[in-house]
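Same chain, two partners: chain A is paired with chain B first, then with chain C.
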Partner chain A sequence: MTAFKKIEDNLKKEAKNLLESGKVTLVLAYAGGFDEKHPVPYVAKAAADADHLVFNEYCTYNMARYLTRYPLGTKIAVAVRGADSRAVVQLIQEGKVRRDDLVILGIPATGMKNQKTGEVIDAKTTASTINPVLYDVLLGDEIHGVKAGSPYDVLAELEGMDKDARWAFWKKEFERCIRCYACRKACPMCYCDPCFMDASRPRWADKSPTDDGTLMYHLTRFYHLAGRCIDCGECSRACPVDIPLYLFHKEVAKECEAMFGQAAGMNIEDKPAMANFKGEDSDQMLG
Partner chain B sequence: MLKKIAIDQFSELVKALAERGPLYAPVKGKEGVVFQAIQNPADVTLDFYNTVLSPKSVFFPQSEDMIRYRITQGATEAQPVPQDSRPAVILGVRPCDVRSFEIMDRHFLGAGVIDPYWKSKRDNTTIIGYAFDVTAAADPADFYNTFGYGAADPEGSDVFMVRTDKTLLLKGMTDRGKKLLDSMGVLQAAGGPDEKVFEETVKKGKAVQTRSAKIDPQVIAKKLVSVFDNGEFWQKAAMACIACGACTYVCPTCYCFDISDETLFKEGSRKRFWDACTFTDFTLEASGHNPRPRIFQRYRQKVCHKYSYHVDKYGCISCVGCGRCTRVCPVNIDIFSIVDEANKL
Partner chain C sequence: MSFEPKILGIACNWCTYTGADLAGTTRLKYPQNLRLIRVMCSSRINPSFIIRGFQLGADGVLVGGCHPGDCHYGTGNLYARRKLAVTRKILEFAGMEPGRLRVEWISASEGNKFAEVVGEFTDQVRTLGPQTKFKITKNGQ
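Up next, the complex of A and B:
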């Protein structure tokens, strides 16, 4: 059972020390929202701000997504659970943040809950990443002995479908898409400015929610995240119309891992799969 | 005039409405309940708190073709898309959302240029409002009491519907509404006791409490302008904001749109579709300059538009306290808390 209160106390303590000592300029963590089930992402800038920090089972935000808002060189402490820590690692691999500029406050956790439905979210996402993969300080005890299973187990149903059934499934899911871009904005790895969707010359995808434009947007984003998606599930939780985006991301991640022998965000020594070439890389697409 | 129908006959009512013309009503989908054009009367549900998206899409669809064209050798043939003039009905609109239509009328009809697309749908549609369950607590995100709205207010509806254990009571509030009820043979006349239940429900609705603040539109309009340059206030307010468009899209009173020609293989349409002031490129100019490059600037714009500039320009706050924006926000930003704080400055 994750000791939420203990982690919260440690978070406040660490944040206060880091800000008082000037070791960091800001701490990215969580604070209370309009009620207990709705905490908010929070940026603590002064030591007194640390008093506002909370940690409970609804603190599902991937705070790594705020890292790319600050100029390179900003000293930042960031609270991360398992998958979130992989986002930090991936951002370091991609040169968007430097390891030395960060104090990573790792939070081992199970039993996190989806704010909208209340269901426990461990099984569908972050299955293999309960403990942070990289950290400076651990705010709670590492969790061992949990049968996590493979993060790709949940793909069994989709993989069992034939191609046409799968296409029909995704076309139906995307009918609900309202092009709010909450998925893109919630993602820690979608930091491109401008994003391909912001371009009008050429216009890569229509802006109105037609089937074509919507599919173009999502399929392109899935491929832009190949080898980069760290399986935090934020996109799917952010979606106001409940599209299970994590299923497609996981499938792409599974194929990448099989082809290139590495998963996103596990090791800061890795080079991003799509930006690197190794002699032993799979050449199956060459036939 | 008050009419009624047994709840287990509800599908008969829906069928009768659907036979008259286009019917928009709540349907349960994977995302929750949303308003849809009804093909199958059995799809309609009355079992929900409120819809995910507001009913504005009935009058102001997310995507609307205005002109269709074909590009041929040396010329382009273009036709304006004819407006659907059939009488329509929207069924199951909560009281706070009903009030949003009148606010939107100010933008689409009362700003000097009449929007023919909004007007034709608005003119042709009968609104059947639907009281909240007055025995249940309001959703914690709601704050419609702030605007003086009650959970069972009939104002703004053509017909207002109240649900009891076994019955639906329908009251004609306007001539248009009375005419609709008159034409529905499937309804029965309601008697004195039913009248009493209806009145009691409206009264009980006023006692259902939502979050509320004493906000005078003129006062908040000025207060927000006075803190415009307070960077700390706005950066704190928008600290978590990820600049998606979810709040804008679900909001019943947001009305910004973009217009674009979408062409494929020399055929296409000029259409308008929802835009959001929170998007990065909302104010991006052709020169490449963007007056609002930062998120806190865009979030400030949203709040100030709704609670300040809109008051100056249209005489009312552009918000009905339905709580959708707060519920749908991926980071739980709560506009009520922010406005309440500004109001107390």
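Up next, the complex of A and C:
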């Protein structure tokens, strides 16, 4: 995998330069874990740290998730793949980070693999954007000619079901939820403090993993990510019981794109779809 | 005994709720299945209210607001329209019957329309039958 090696070398070089010159104080990227298959999210804070950085096909973490953990104004370089760059764009749209504070290290990568299963995360399942949409430095060569099809193709089966079968499907999936909130933790767009689930006034849902509390949590989270989910799939990969949350997020994203005419995180000038309205909105959307 | 649905109504203070008042003062008849909650604007409605309504036993949820362009606050209902459109899609994809959520723009002078909509919606939910999917049955399970 020479393409990955090249990206890794460029990543180390760029990180070192940026930290040495003092352009940034942090570089968010990946470092080696206990073996090659398990890299970890990593924050390089000094030029010497840059040597720890790695990049391989298992580096699936969305590093945009860590941007909102630092105070506004911190100079940060962040390594992002296609979908992750959309998360950065979306965060800029929402005013959570500023474009001037960021150095975006874009990574065009295909053939990324799920750490747990070893399966290739192809464009149809989670990460539908291969090349970063916004970057300052591109660490590899742009990838063209990958026939991905629509990212929404994977929804065909669920959309084809009747509503009762779909309810049975989701009920079965949600029943397994242990409410560890890994999906929330892994999500780059989940930065609310406190999260509605942690609030006790009003107490929106049970804190213990009851069926109704779980339903409320997931449905509300799908709503909170409407028009914002950038399809990185980290929620589903982080899930310890493998609930395919990405399918629901994808469906909501698809509907939002159809109704509001914009996909999340594609253009820095867009306003977030749910914090906006247009003259051409019509009652048709209410079905 | 025939099934009588419980309908949760969430109405904006300035248009639909006033419309409901008008329906009342003009002695219009509409089904008593509706439990109406007043909010200051339709954009005040958090989609979780609707989900919670279903969980606590509502068979249908009716949301009322001002006609687009008529909002007391200028643009509240235009945001609400987008929010409720997404809510409907989410309920639908989760497997809820889409007919259980209805959004209507009813102005303060449309008491007739209010009574008509409530009647129509109640009949619609009655044919759909009891809502059991989201409803909490016992001990939160």
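The rule is simple: the second predicted complex is superposed on the first by the 275 of 287 C-alpha atoms of A that agree within 3 Å, B and C clash if a C-alpha of one lies under 4 Å from a C-alpha of the other, contacts with A are read in each partner's own complex, and residues count from 1 in each chain.
Here is the rule we go by: contacts are C-beta pairs under 8 Å (C-beta built on N, C-alpha and C of every residue); 3 or more make two chains touch, one makes a residue touch a chain.
Computed from a predicted model, the values in this text were never measured in an experiment.
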Superposition on chain A - do chain B and chain C clash or fit: fit
Which of chain B and chain C A:Met259 touches, first, second, both or neither: second
Contacts of A:Phe55 with chain B and chain C, given as first, second, both or neither: neither
Partner chain(s) touched by A:Val241 [first = chain B, second = chain C, both, neither]: first
Chain C, chain A and chain B - angle at the middle CA centre, rounded to the nearest 10 degrees: 90
Which of chain B and chain C A:Ala168 touches, first, second, both or neither: second
Partner chain in contact with A:Ala273 - chain B first, chain C second, else both or neither: second
Partner chain(s) touched by A:Phe4 [first = chain B, second = chain C, both, neither]: neither
Chain B versus chain C as contact partner of A:Asp198, first or second or both or neither: first
Contacts of A:Asp206 with chain B and chain C, given as first, second, both or neither: both
Shortest span in Å between Cα atoms of chain B and of chain C, once chain A is used as the common reference: 5
Doubly contacted residues of chain A, that is, touched by chain B and again by chain C: 206, 210, 212-213
Residues of chain A touching chain B in the complex: 33-35, 38-43, 61, 65, 115, 173, 176, 178-182, 184-186, 193-195, 198, 206-210, 212-213, 234, 237-238, 240-242
Residue numbers on chain C that touch chain A, as the complex places them: 47-48, 51-52, 55, 68, 75, 78-79, 81-98, 103, 105, 133-134, 136, 139-141
Interfacial residue positions of chain A with respect to chain C in the complex: 158, 163-171, 196, 204, 206, 210-213, 215-216, 219-220, 222-223, 226-227, 248, 251-252, 255-256, 259-260, 273-277, 281, 283, 285-287
Parts of chain B lying in touch with chain A, wherever the complex brings them together: 29-32, 52-53, 62-63, 140-141, 239-240, 242-246, 248-250, 258, 260, 262, 264, 271, 273, 276, 279-281, 284, 326, 328, 330-334, 336-337
